[in-house]
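Can you read through this structure? Questions will come right after.
Letters are used for the chains, namely A, B, C, D, E and F, taken in the order the chains are written, and counting of residues starts over at 1 for each.
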Amino acid sequence: MPYVNIKITKDGVTSEQKAELIEGVTTLLQKVLDKNPATTFVIIDEVETDNWGIAGEQVTKRRNNQK
Amino acid sequence: MPYVNIKITKDGVTSEQKAELIEGVTTLLQKVLDKNPATTFVIIDEVETDNWGIAGEQVTKRRNNQK
Amino acid sequence: MPYVNIKITKDGVTSEQKAELIEGVTTLLQKVLDKNPATTFVIIDEVETDNWGIAGEQVTKRRNNQK
Amino acid sequence: MPYVNIKITKDGVTSEQKAELIEGVTTLLQKVLDKNPATTFVIIDEVETDNWGIAGEQVTKRRNNQK
Amino acid sequence: MPYVNIKITKDGVTSEQKAELIEGVTTLLQKVLDKNPATTFVIIDEVETDNWGIAGEQVTKRRNNQK
Amino acid sequence: MPYVNIKITKDGVTSEQKAELIEGVTTLLQKVLDKNPATTFVIIDEVETDNWGIAGEQVTKRRNNQK
């Protein structure tokens, strides 16, 4: 009965990539813990880079600095 | 002081339906646990069907298959 | 396919009360949005009063002050 | 290694204000718990006022009533 | 910079199994989205079966019924 | 009406430190966004180091390696 929430930055992730993540996590939980895929939920949140901070700084700014 | 987070797929839920959910959950917590509505928070997240997986598959695809 | 997370303070909530919350929320989502109970998840988190703050103050202290 | 999630209503919060929140929370965790900013994550969620309930009522409606 | 939260029932999951989940999810995010493992967080929550509901029923009860 | 969730590793954080975090975050939201402390919630989750992964590795192991 697992519930998985994946938060990533909003960066043009495609529907196919999302499908790959969902399938990969579900398979992993089945393999490691024998969890039933039928009751495995995966929710992906895409977060604006202005709304994600790391090291005290917005990801937007961090990326600009790295250019 | 309860905090409730409801995640549902983004399917054209109306403002009235959201109001009903908020009121219903708040009343339930008051009835069952005597929680004060004044400090009961309810947050509804609407998730794109591409971003929600069940049984290893995106809800978008699952619904198409059921047609 | 709803997912609901209820956070309440850790206050000796009984198993029966938890069952009531779970059943109540599931029924509400079926009534308001016609959601299938079979794929409705409810997770209850019980939070120590030292770890919950409101109005800038721990619930533990807040309750002591109200005595 | 802290992870902080801030949920606020969607009210035209500026990028500068978000930067201030991110920096402020990261500094606080360093000051109080000596947490390394390099591995401190902050994620801000902006929630529509229709999707946020308090006292059994949508924030949207609550604000209209206070006008 | 992904953040992943895995919620599972509290069922005597071993430290080795947790390590496998953490490593598997981190590798998946690197493979599918080229995410840097150094800034990938995974948090596992183990939830009492009394606190997890599905189909309107506590997992504890559901399992007893299936015996 | 903000809601803040702080996740940290379970490391003997004292009640006083938790109080400082709660007060600091609440003050920050008031200063930056003029949010009312009376309806600001802060919830602190303390996570076992076995359940927290970074860079594909449990924090428990990571710390042992750094000794």
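In this text, a residue touches a chain if its C-beta (ideal position, glycine included) is under 8 Å from a C-beta of that chain, and two chains touch if they have at least 3 such contacts.
Remember, predicted model here, so these are calculated numbers, not experimental data.
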item: Contact-richer chain pair [C-F vs A-E]; value: A-E
item: Selected pair, out of D-F, C-E or B-C, that shares over half of its residue contact pairs with A-D; value: C-E
item: Whole-Å gap separating chain D and chain E, where each centre is the average of the chain's CA atoms; value: 26
item: Approximate Å spacing (C-alpha centroids) for the pair chain A, chain B; value: 20
item: Multi-chain contact residues (two or more partners), chain F; value: 1, 3, 7, 21, 25, 39, 41, 43, 52, 54
item: Residues of chain E touching chain F in the complex; value: 15, 18-19, 21-23, 25-27, 37-38, 40-46
item: Chain D-facing residues of chain F, complex; value: 1-9, 13, 17, 20-21, 24-25, 28-29, 31-33, 35, 39, 52, 54, 59
item: Residues of chain B defined as touching chain A within the complex; value: 7, 47, 50-58, 60-61
item: Residues of chain C that touch chain A when the two form their complex; value: 1, 3, 39, 41, 43
